[in-house]
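In what comes next, chain A is part of two complexes: it sits with chain B in the first one and with chain C in the second one.
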Partner chain A sequence: MKLTKLSALVASTALCAPMAMAQDMADELTIVSWGGSYSASQKNAYHDPYTAMTGVKIINDESSAEAVAKLRAMNEAGNVTWDVVDVVASDAMRLCDEGLAEEIDHDADLAPAPDGTPASEDFGDLLVSECFVPQIVYSTTFGYRTDLVGDTPPTSVCAIFDLDAYPGKRSLQKRPIDNMEWALYCDGVAKDEIYDVLSTPEGVKRGLDKLGTIKDNVVWWSAGAETPQLLADGEVVMGSTYNGRLFSAIAEQNQPIAMLWDMQSFDLDGWIIPTGLSPERKARAMDYLRFATDTQRLADQAKYISYGPARASSAPLVGKHAELGIDMAPHMPTDPANATNVHIYDYEWWADNRDDLNAKFQAWLAK
Partner chain B sequence: MSDTTQSGPVLAADGTPLKRSLSRALRRQKIRALMLIAPLLLFVLVTFILPIGDMLFRSVENQIVSETLPRTVVALKSWDATSGETPDEAVYAALAIDLKMAAEAKLHTRVGSRLNYEKPGISSLFRKAGRQVKKWDVENDGPYKARFLDLHKGWGDPDVWSTIQTYSPKFTNGYFLNSADMKKGADGPEWRPEDEQIYWLLLKRTMFMSMAITLSCIALAYPVAWILANLPARTSNMLMILVLLPFWTSLLVRTSAWKVMLQQQGVINDTLVWLGLVGDDARLAMINNQFGTIVTMTHILLPFMILPMYSVMKTIQPTYLRAAKSLGATNWTAFWRVYFPQSVPGIGAGSILVFILSIGYYITPELVGGTKGVFISNRIAYHISTSLNWGLAAALGAILLALVLILYWAYDKIVGIDNVKLG
Partner chain C sequence: MTITPVENQTPGFVAAAAAASGAFFGLFIGTSQGSGLLGILIGAAIMAALGFALTAMLSKEKPIRWLLIAAFAVAGYGTGGLPAALLGGAAGWFAGWFIFWLATSRYRAHLAPYLTSGQVLWHYAFRVICGAIFTFLITPILVVMPLSFNAQDFFTFTPEMLRFDPAGYSLKHYRDFFGNQAWQDALWNSIRIAPMATVLSVTFGTLAAIGLSQPHVPFRRAIMAILISPMIVPLIISAAGMYFFYSRIGLQGTYMGVVMAHAALGIPFVIITVTATLVGFDRSLTRAAANMGADPVTTFFRVQMPLILPGVVSGGLFAFITSFDEVVVVMFVGSAGQKTLPWQMFIGLREQLSPTILAVATILVGISVLLLATLELLRRRSERLRGMSPG
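And then the complex of A and B:
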């Protein structure tokens, strides 16, 4: 206890005067993220300016996909080598539950908006866990081949279940999350009742039965790059993936693909600070966190990738793509035109039911 | 004099009995040998055997419940789970104290996650309760039963309490039951509902597919190894590079290449359609199923079969075959009676390598296996990296390890393990 209080003290004083206390902070940071264009956008928007400002050396580790398991192993070994870790919100909740991520006082530890609004209000509902600082809003949504859907391009997510109007294969993620909600929604369940229905065994069966109507026509993916590739090859007519992947396929590679934003499933990605860091390293990590999640930095990231900034105050600052020069706002999942009908998934519900439903889903898949 | 030496023990030059002197010399030799391998032994022990043992131990370890909720576990002992009633006030009071202490040490969510593996919903029950109970004054804030029920109606669910009771012992067979599609019921193990049974099916599938992959590797590798072993060194070295080249290529690249080849708009289907052998609307499904997994994995594991076969075949004297033929054997008899038996150690070594590697593969099946070509290792990976249910992963791993050891034993009985050569 004493140690955590001490480190909290060090951290808070360090944050009040980042420059004066710099000698009490580590001069190296290991930041874990997803790799690829996502890490590149973080490097451009956060890491490089931070290094320029403080001289801190930033080491990138592309291990976010295994972050939960690796953090637990490091923690058990008593040797945590990561300082700041990028994870999706549900993983952040799990890490927080397991005591592997530090709790963060959002108002004290993060910068307020330029107009003085405290961070907790600026992030609003997106603060889904005490340990989590959201960075971007992304969505899992559908793309379809414009040349394979005839004269009536799909406008509703339920097109995936309509084999008559849109024959051919579809690609869906190999997990129950999102798919079960879409299935129930298209089976006539009202949006605000989806989780009530899904909480009953009959509801689970109903969802799986609905997915069963297209089971033979589904290619199940587990890596985000698969759907864009399957679409480009013409293997599938439509498929779900992360909106940023579809943006690259459409805007950067000019594939004949269009977005179907209906019932896009919002999800969050952001930072956690692992527990068990030395006071110097924790102070440095918190200092970086404060810098990298301020209003301007979050807006800057959107120049490099089509994910929406998590702060309300960042949205008006979103500009043009750094290389393509196109306006980024219309490609954001949070853009009002795209967000007319969204599905917001219930983190608490999935934290409780993920393993159980995953077992049922996999058993259903394997049969 | 000669009489006494014959009746007494034989003496060495220094007067000690020869037997003792010999055993001392042998012991010294043994110690020296042991000292020589000691660093390696220690290394293997520390970096291999201990971590694996530690991991496997998790499959029965279950101390978290009784350590985090000690008073509740004791108070719950007398409660009858089959009564269908909730426990009495004493249990709730014990829980209040336990939970307050756990919440202060931030352990309540951990035990919640542990119990959530057994009954979905407990995780948020503990998370929410911990937040509130932290503020309670556990001395005078009773009665607790009503307060807990106020927090969440889940605390009034006898199933929640019977889950806590069932998983309160320090050790559990629950993970192993789970990996056999069973669960701990009120009266002994019972089957899980049919829509949750998966591990037994996956285990059978893993075994079947690994066998199929091993057999197709044998069929493809044998002729290749034979050619490599019998060509002049210059040509065979060239061909050897062709065998090794895919070996040095990234696994993901090779897997993706097979996707390009096998998918419905892929190279093979396009060629077949162009040749008119297959209609454009009836393209073959060769990937995202068992066929795709077997083809891809066979290709990936082929070098592990070719190399031991090659090195064994290299040592088979061509004179034996000539001798057999000169004694009147046909080509087939000479091969089958003389050459093949000598190449069996290579097949054995290759098969063991390929089989053991393939039951542990998960990236390739995940990418090309679709729904029917998935291995049990995919589930182990899920429990290690996503659900963090390491106990269940350890139990599944232990079962897989036991199966491999049984197969190894069977192989030893049938073929003989001395009969395995890597060269």
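And then the complex of A and C:
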């Protein structure tokens, strides 16, 4: 009894606190994200409750794909129109290095876990940059058509390179990241030596040669929606994309597709706050950030899309899908059953080598 | 000069011409089934055989043609169900019509009798080429329409749709368009921006065209070139330039900013169409009006404007369509609060291939057709009223 009263009191003060400060905060927020079902999950889990609580009007801009370029242009023009921006971790690091994203004091600016664990411990290793607040763990992984693979569904990522067992087209992302690692792994390189091999010109050639064995059978994609569409059409037998897209094609749209979790490539997505905001807008953005990245909100998002919440304390709170009522935990990339063999993509290595390898990859593509 | 009479053809000629048409259609069907070459061979063989056989049975044309339709439809049904049966029926109708048309030399009946065979061939080849161009232009637009009634969330003709099963069709993407706040906001933004931009472009464009048609204006060509440049410079360059300029003067991300940017893009169309109609404008009419005591403003509205109106209206239509279809400039100059329909469609294509885009496209195509048809009707009506055409 006493406990309920206490928690009610805590809850009401928590609700009142932002209202009390509302005078010196902007009453409109422009939030930039990826669009599609991902933006919809953020709207349901973060935006709508925040608007209900504070009355702030939230405008969605689906420009995350070109966030880095646009933020540079805005900064140059001296007119930053975005308040909170959703970017992948590597983009956040670039923005942070260029001074385009605000540094965040994770313990002071973000809510602690319900048991009092400070935010920096709750997020743990996922705090890869001082400007970045991680939101989800997602993976780039493969889906395959269950009706086109015969009696032996693929269990290893190397099925991609096996044209004899799985004839037909496959779709891969039009970038070297992940594809080069998968190619070397399937060419017999041990997992922990992939980046050592890739650092040598021979290693790059070896990776491209391996990809060359299937080049004629690859459809290259650049938007996350393409692989689900190609799979639904039966244009490709298997293809890589973000795991949440595959989940929605499988569970929400009942397509004959199954997941291939082997060597899934983990990545992080989260928030940054651009530099150059007026004090009122920055205060509003920070207030939103504190709300949207607390333990419950991150767990709520997982009701709408199968991406793993970035806080350790959110994991036990992940429940069922909001409409389908299925348990979401087994569909998370971080679920132990799915994460038996994962590929940890090396941010730092790619930050140093991305431009160079990208040029080689594009030249190889054009050949 | 030789006169070619209309008489029945030899089986060899009919078989060869029919085989050519069979090869043409066989190429498309064969390619869709995996082997273009095989399609050409099979199509040519079937049509050649039919052509050869049917030339001997010219007296029974009607029953044979019905028989062909039925036979092709049944064959289609056997291979691919109801849709293939319809396609087969159409193919059967074509085969029967084409072979008898060839065999009885009906193709010459309406042409001058002195044409050589080469001229006759070209006469029909020209029509086939035009038809093919038309088909390739229009098919991509038509394909979108049935897909927008897809019951699934993909750009795919599902087996249910191909069977004409009602369960494969639904209006849910149309419901999504009318029920979804993001789409409705985008529609509303487009409706607010395009007419305003059109009004601005028509006003400034018409005035500029009239001014530039006066012989005494200095640097006419240079001014004209500058005003038309938004149409020639790649859009992305105008867009980037406008972005930096509008940011500095506080117009970036505002409704007026987008309207002005779109007006700048629309002005060249108005200038070009109005200048073209001004070429036929008799300048002594304005002098006559002035002579009778009309001031320049009255002259403009009572004499000049009615005569150049067709140019103004078609320029305005182009300006409206430019603003309504524009996606590059609005993404730079606008912010998320000015998201227009094309912008929303662009996001949808990139992030989520939802058939709602196709539903919107179908609605927009419908509106465009209505708009153009209305305009054409109005034009004919005004021509009739002015006695310019006999209809």
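Here is the rule we use: the second predicted complex is superposed on the first by the 348 of 367 C-alpha atoms of A that agree within 3 Å, B and C clash if a C-alpha of one lies under 4 Å from a C-alpha of the other, contacts with A are read in each partner's own complex, and residues count from 1 in each chain.
Everything below uses one rule, namely that contacts are C-beta pairs under 8 Å (C-beta built on N, C-alpha and C of every residue); 3 or more make two chains touch, one makes a residue touch a chain.
Owing to the predicted nature of the structure, the values given are computational and were not obtained by experimental measurement.
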**Request:** Answer with clash or fit: chain B and chain C placed together on chain A by superposition.
**Result:** clash
**Asked** What is the contact status of A:366 with respect to chain B (first) and chain C (second): first, second, both, or neither?
**Response** first
**Request:** May I ask you to decide whether A:78 touches chain B, chain C, both, or neither, giving the answer as first, second, both or neither?
**Result:** second
**Message:** After the superposition on A, what does A:253 contact: first (chain B), second (chain C), both or neither?
**Reply:** second
**Request:** Considering only the touch criterion stated at the top, classify A:35 as touching first (chain B), second (chain C), both, or neither.
**Result:** second
**Message:** Once chain A of both complexes is superposed, is A:223 in touch with chain B (first), chain C (second), both, or neither?
**Reply:** both
**Request:** Check whether A:152 is in contact with chain B, with chain C, with both or with neither, and answer first, second, both or neither.
**Result:** neither
**Request:** Look at A:60 in the shared chain and tell me whether it touches chain B only, chain C only, both, or neither; answer first, second, both or neither.
**Result:** second
**Item:** Clash with chain C, by chain B stretch, listed 271-279, 325-333, 343-351 or 397-405
**Value:** 271-279
**Request:** Would you mind listing the overlap between the chain B footprint and the chain C footprint on chain A?
**Result:** 65, 223, 233
**Message:** Per the contact definition, I'd like the list of chain C residues that touch chain A in the complex.
**Reply:** 152-156, 182, 240, 243-244, 247-248, 252-253, 335-337, 339, 347-353
**Asked** Across the complex, what residues on chain B touch chain A?
**Response** 106-107, 109-110, 112-113, 116-117, 120-124, 127, 195-198, 201-202, 205, 263-266, 288, 366-367, 370-372, 374, 379, 382, 384-390
**Message:** Could you list, by residue number, the parts of chain A that touch chain B in their complex?
**Reply:** 65-66, 68-69, 72, 94, 96-99, 169, 204-205, 215, 219-220, 222-223, 233-235, 348, 351-360, 362-367
**Message:** Quick check on the complex: what are the chain A residues that touch chain C?
**Reply:** 30, 32, 34-39, 59-63, 65, 73-74, 76-79, 81, 223-226, 228-229, 232-233, 253, 255
